[in-house]
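A, B, C, D and E are the chain letters, set down in written order, and residue numbers restart from 1 in every chain.
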Amino acid sequence: MNQVDEIKQISGVNPLKCMKCGKCSASCPSFYEMDIKPHQFVSYVINDDVQALANSRSAWKCLSCFACIERCPRNVQPGKLIDAARQILIRQRGQEGLSADEIPALLDEDMPQQLLMSAFRKYRR
Amino acid sequence: MKYSYFPGCTLRNKAKDLDDYARACAEKLGFFLEELTDWQCCGGVYPLGADEIASKLPSVRALNAAKENGQDLVAVCSACYHVLKRVNDDMANVADIQTRANNYMALPEPYMGETKVLHYLEVLRDVVGFENLKKQVVNPLTGRKIGAYYGCLLLRPSSVMAFDDPENPTILEDFIRALGAEPVIYPYRNECCGGYISIKEKEQAAALCQRITESAAGFQADCLVTACPLCKYNLSNNSELPVVYFTELLAEALGIKEVQE
Amino acid sequence: MQELMERAKELLASGEVARVLGWKKGENDWDVEPRFFESVDSLQDFVYDGFCGANLSKYMIEAGKKEGKTLVFLKPCDSYSYNQLLREHRVDREKAYIIGVGCKGKLSISKIPFDGIVSVQGASYPDVSENLTVQTLYGTQTVAYKDAMLERCHVCKGKEHVVYDELLGESTDTVDADRFAEVQRIEAMSPEEKFAFFQKELSKCIRCNACRNVCPACSCRKCVFDSTAFNSDQKANTTSFEEKMFHIIRAFHVAGRCTDCGECSRVCPQGIPLHLFNRKFIKDINNLYGAYQAGSDLETKAPLTNFTLDDAEPGVGRG
Amino acid sequence: MRRIGVFVCHCGSNIAATVDVKKVVEMALLEQGVVHAEDYPYMCSEAGQSHIAEAIREKQLDGIVVCSCSPRMHEATFRKCAEKNGLNPYLVEIANIREHCSWIHKDMQEATEKAVILMRAAVAKVHLNAPLKAGESAVTKRALVIGGGIAGIQTALDIADAGYHVDIVEKEPSIGGRMSQLDKTFPTLDCSACILTPKMVEAASHENITIHTWSEVEKVSGFVGNFTVDIRKKARYVNMDKCTGCGICQEKCPSKKPLNEFNRGLNNRSAIYTPFAQAIPNVPVIDAAACIKLKTGKCGICEKFCQAGAIDYAQTDEIITQQYGAIVVATGFDTIKLDKYGEYAYGESKDVITSLELERIMNAAGPTKGHLERLSDGKAPKEIVFIQCVGSRCSDDRGKPYCSKICCMYTAKHAMLIRDKYPDTNVTVFYIDVRTPGKNFDEFYRRAVEDYGVNYVKGQVGKVAPQSDGSLLVHGVDLLENKQILKKADMVVLATAIEPNSDVRKIATMLTASIDTNNFLTEAHPKLRPVESPTAGVFLSGVCQGPKDIPETVAQAGAAAVKVIGLLAKDKLKTNPCTAKADELRCNGCSQCAGVCPYGAISYETRQVNDHGIREDRRIAVVNSALCQGCGACTVTCPSGAMDLQGFSNRQIIAEVDAICR
Amino acid sequence: MPVTENWKPTIVAFCCNWCSYAGADLAGSSRLAYPADVKIIKVPCSCRVNPMFILRAFEKGADGVILCGCHPGDCHYSTGNYYARRRMTLLFSMLDYLGVEDGRTRVEWVSAAEGVKFSETMNSFVEKVRGLGPNVRLGDLRCRN
């Protein structure tokens, strides 16, 4: 399977439904942290450049807050695309956004287990 | 009324308060939370990949256990609730996941999403009833101005969560009112605090939290209430405004928790 | 039974009714047949017992053409058929005096598993026994009443009459089976098994038309299979497909109208479980369009003359 | 046995290049009853038709099959040809060997085989065709227009001017519709009332127009040329003949709580009210839900003050029944509800409003007397943000999938008017696309940008966040700059999607006119018959058929009127002879067929029949052929096959099936 | 009956006059090919199609029968296709119950504007029926063993 099909399968998103209104980018709390903006995600898939998307800063900066998913008027849901792009990256090279060795330095007393769990789930395979 | 109860990792640990008060208040209000015997961590994040099964299985096990108990499944933690509910939706509606998960689990009877997943707040709203709850309050929180912080996980995606209006929710406000306090409506109560990234991107998380807490403070909130341990951690780290679990408020109003002067 | 006969005599004698439609004793205990009784005297042959399975409602079409009122005895399940005919304007309520009779389950002689049966005791109303005593050429046997009951009684619609002028006698709850279990069993089969099952059953069909003639819903003045309306008149089968065609179309024509009275299966001389066709439609209708019982009232729109905007699409839920 | 002629058309090379027409002719001659077969390059031409005429005469044909293009193209042509030559037109059948054969197949042998089979099916059918005769029905020379907005008024005026009587039914207390709520109109900026009011007056005073306001269509039966309509005239509690329209009652009425619908609920009105000053008729109605007298029996102040003695608390609804030859639907639109769009804070903040509400605010008769102010604190807004496509172009379950068409233009209008009147107020428009096809439309929009300095930003808004200082923080995006924008505004205006009036579904059902998934009425043909509904005699005017601006609405209103006039000008209408018919000997009288008839065309009568010597009274279905449209639903419901459809009879279709499968 | 390579199925398509027949015409004028095995019978409305017609087709040797009508909500007669939908749902379910392969029957809603859909529908239906091979179970089958 090529990457375009793979990202479509993982995300369940049809990028062609996008009408480029930008509501996702208007809603995104991480907009300024991202190099590729939410409304641009679909173009990368349509233009067969999933790798660039997976390699982008955006893949690690998405908060998974679903604001773009909730508000998208076309049911495109770009948040699912970036999540899928990250999955592709993680699977492909065993790339990780977080290694176990980093953890002790990051810990503090109040940190809930939930954060570690979700960080691992999000950043690692 | 008895419910199967999924506490989740954090409630057994850092968020003991959330858990203890939830159980104690339930008893007081006439419903019982029976902890599932062998629950496994839900994973904290809904496993998005439609092609992945393994990461969904802990939730399926919990859901199936509740089904076998013949009970609805209650969660208190927003993340657990979110993950359980979404996996359950997959099990009910996504044929591929249904088949593969069941093939793997090889249960005596396939699990097809039969269990009803409820958040503790939904039990308060739909079973106990806020009117009824109001009657049981012994220490009304009169004069307190409390901002509800919903965050992302309870509300979105609304097509699956169907918890409340995703942009204009009211359940926590109604809850606050029932306890005798005044809810503060502020626009960022459903905007993300950046919980997931707070482990590595502290600055970004701080900025997001400030936007929320400053907005709430601007509307005269004297504290924030949440159902999510991660939100509480993140907001507390980045704000002057006290952040409490909704079960703490509940316990206080019901006279279960000692009021600290 | 005595009670029924007395009441019939009374109504006949008073002139309130011109005739009585009931069951007549046969040569054997189990050979009961429907009969119009025109006089008080003739009522000596009247019988009402466990073998009175015949549904009299269809005869009321003919009764409507005669002068005066006809007294008819209807069991609870028969009353549904009568109601359905009423809603289709096939019977005249004004010309009927309906006595709803109690029912404790009806028997099928073919379910009594003995050879050389001479007589059957224990089926007299109102006092049916738990067991039937069967005299055979080879001695006395017993069989549980329940075990000799018609299939339809095991899945009985209930003890209530949906139309009557007066009620006589008690009914018993006889339900001990799931009405759709057999249909479900077939649905679960592979296409090959299904086909083999129906091929085997329908191969027995001799096109005697008994099912059609007894069916209260099959009351067309002229059946399509006897007419040229579709170029479909069939005297003798030219292809064996025609049996299948006949039974499918017959079931389709009564879909939404069939009360599931089970008469088709009761009268089939070849023992084909014809109710399985009708019940499949009933099951689908209940599942797809909401529970519907033909004949239960006169107002509810029948499922095939009704629709909703978001009905299921054909083929959904199959295979 | 029929004597059938088969005529195979080459259609130039359209058919002949793929179908061996000679072979079809040859095979046709082998069919039972075919006494003549020939091919010709263009059967539909004068010359081709003369071949058919000649064959009818010379071979005494009593059945014709033309193998040619789709019957939708030339069935009528060949039927006319047969009729001219003394043959009943319904003895002609078409085998479609072009659209359904030669155009879609490449292989000549395959296409020829198929053409032969299609020919056979047509021959088999024509054997069973019966000569049918179209009936006639009279035309009631009166039209009904449902809806008294600009569409309905214009249609009524045009029909009335042609000399036919028209009734307008309007559910509100006055005609005028949405247009009467508008302040100014694009692209000319002339005042809406100034151009609408004269038309309202003209309609009211026209001798051929009867206006029923505060009325609704209750029931429709009948068919083209002969509709019977029940109109419910709701109790007005004011005697229309006595009232002078002085307005004292409204002034004195103590019940001032009800929301003013005309002002979109932005302020209040009295319980007795006319919606607006120029209302026609200028007779108030009493809102029974708000009237103290009607609710409690006490009060009666309006009655006391009314010098004309027009108040009548005892009035009740009245049903009037009227015959019409044609019906025009002009039910218009409303804006969608915004409760699913919580992110825009409509409902949360009084300063987030819809464009139609802004229209009322800008209007001198509106809640703020035409002053642009914030409804929350009455302050003049200095920063206004317009958000486009709110609920339009949404394929989720919150909004509408279509473009509402008018928003780009009215937003440009609003922006321009605001900048003109309040030059120190800044206007920002967040848009996805600016769509301005129309005469002088793009020029208009460009003026807003170039001459009035309206700030157009390409990008949708994600959220409007009401701030504690009373301002609104708009979270938008500028896609061209690739920047997120946070814009502090004093007022936010939402270009809310429009949708057909909520009553349209009910009305469409009564008229058996079809509506699409968005509740717009469907036209008979999207290009060629845009103002007719597929139901004969029902016509469409205005936004009920699809989003339109005023000029388009008026144009369509006129077009609908012309169609109505064309219909009413006829004295008789030909009816479709392909109607259902019950065989009295087979009919059970079971009433199932009537249950599925969408036209109420089936009734039952008891009559004596002679069934092979047995005479008896039977209940028999009778089809009113003037009502029957020939769908055939009844024929399948009939278990005995008594009900059959002429022209598509059971035996005809079975014959076609047999011919294809043999 | 063994399936030979040259075997061609016989397929009857009932098309309503207002939508699907016009859709088939549009497929034709757009030159959207589909197999010649499909033969169309015009009916005024999908609700005119009697189950008897469908069974008759099978009896006489059809290998597949498809019914096309206006989309629900678009019926020229407002309600016809709703009745057709219920009738065909039940009929097809019955055929399935009798062990007839469900690929041999189909209902598809095709509007006058959907020439592409008409052609695609016919292509996929023919392919399905070809895959199933000649219709044995509903044809002139000897029921008597």
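Throughout what follows, a residue touches a chain if its C-beta (ideal position, glycine included) is under 8 Å from a C-beta of that chain, and two chains touch if they have at least 3 such contacts.
Model, not experiment: these values are computed from the prediction.
*Asks:* If you walk from chain to touching chain, how few steps can bring you from subunit A to subunit E?
*Replies:* So the least number of steps between the two chains is 2.
*Asks:* Tell me which of A-B and B-D has more C-beta pairs in contact.
*Replies:* A-B
*Asks:* With centres defined from CA atoms, tell me which chain sits nearest the overall protein centre.
*Replies:* Closest chain centre to the overall C-alpha centroid: D.
*Asks:* Centre-to-centre on C-alpha atoms, which chain is most distant from subunit B?
*Replies:* Relative to subunit B, the chain whose C-alpha centre sits farthest away is C.
*Asks:* Distance from the CA centroid of subunit A to that of subunit C, rounded to the nearest Å?
*Replies:* One centre to the other, that is 65 Å.
*Asks:* Averaging over Cα atoms per chain, report the distance between subunit C and subunit E in Å.
*Replies:* Centre separation, subunit C to subunit E: 36 Å.
*Asks:* Taking each chain's centre as its mean C-alpha position, how far apart are subunit D and subunit E in Å?
*Replies:* 32
*Asks:* Report the inter-centroid distance (CA atoms only) between subunit B and subunit C in whole Å.
*Replies:* 58
*Asks:* Residues touching two or more other chains, restricted to subunit A: which are they?
*Replies:* Residues 67.
*Asks:* By residue number and range, which residues of subunit D touch two or more other chains?
*Replies:* Correct list: 343, 463, 596, 637, 650, 654, 658.
*Asks:* Find every residue in subunit B that makes contact with two or more other chains and list them.
*Replies:* Each of 166-167, 191 in subunit B touches at least two other chains.
*Asks:* Pairs of chains that touch, anyone?
*Replies:* A-B, A-D, B-D, C-D, C-E, D-E
*Asks:* Where on subunit B does subunit D make contact in their complex?
*Replies:* Touch residues, subunit B against subunit D: 159, 165-168, 185-188, 191, 215, 218-220.
*Asks:* Per the contact definition, I'd like the list of subunit D residues that touch subunit C in the complex.
*Replies:* Touch residues, subunit D against subunit C: 583, 585-592, 595-596, 604, 611, 616, 619, 637, 639-642, 644, 650-651, 654-655, 658.
*Asks:* What residues of subunit C sit close enough to touch subunit E in their complex?
*Replies:* 183, 186-187, 189, 191-200, 202-203, 205, 224, 230, 232, 239-245, 248-249, 251-252, 255, 277, 280-281, 284-285, 288-289, 303-309, 311-319
*Asks:* Could you pull out which subunit D residues touch subunit E in their complex?
*Replies:* Spelled out, the residues of subunit D in touch with subunit E are 70-72, 96, 98-101, 103-107, 110-111, 113-114, 117-118, 121, 509, 512-517, 522, 526, 534-535, 578, 596, 598, 629-633, 635-637, 645, 648, 650, 653-654, 656-658, 660-662.
*Asks:* How about subunit B: which of its residues touch subunit A in the complex?
*Replies:* 8-10, 13-15, 41, 43-45, 47-51, 55, 77, 79, 152, 155-158, 166-167, 191-192, 194-201, 204, 208, 229-230, 232-233, 236-237
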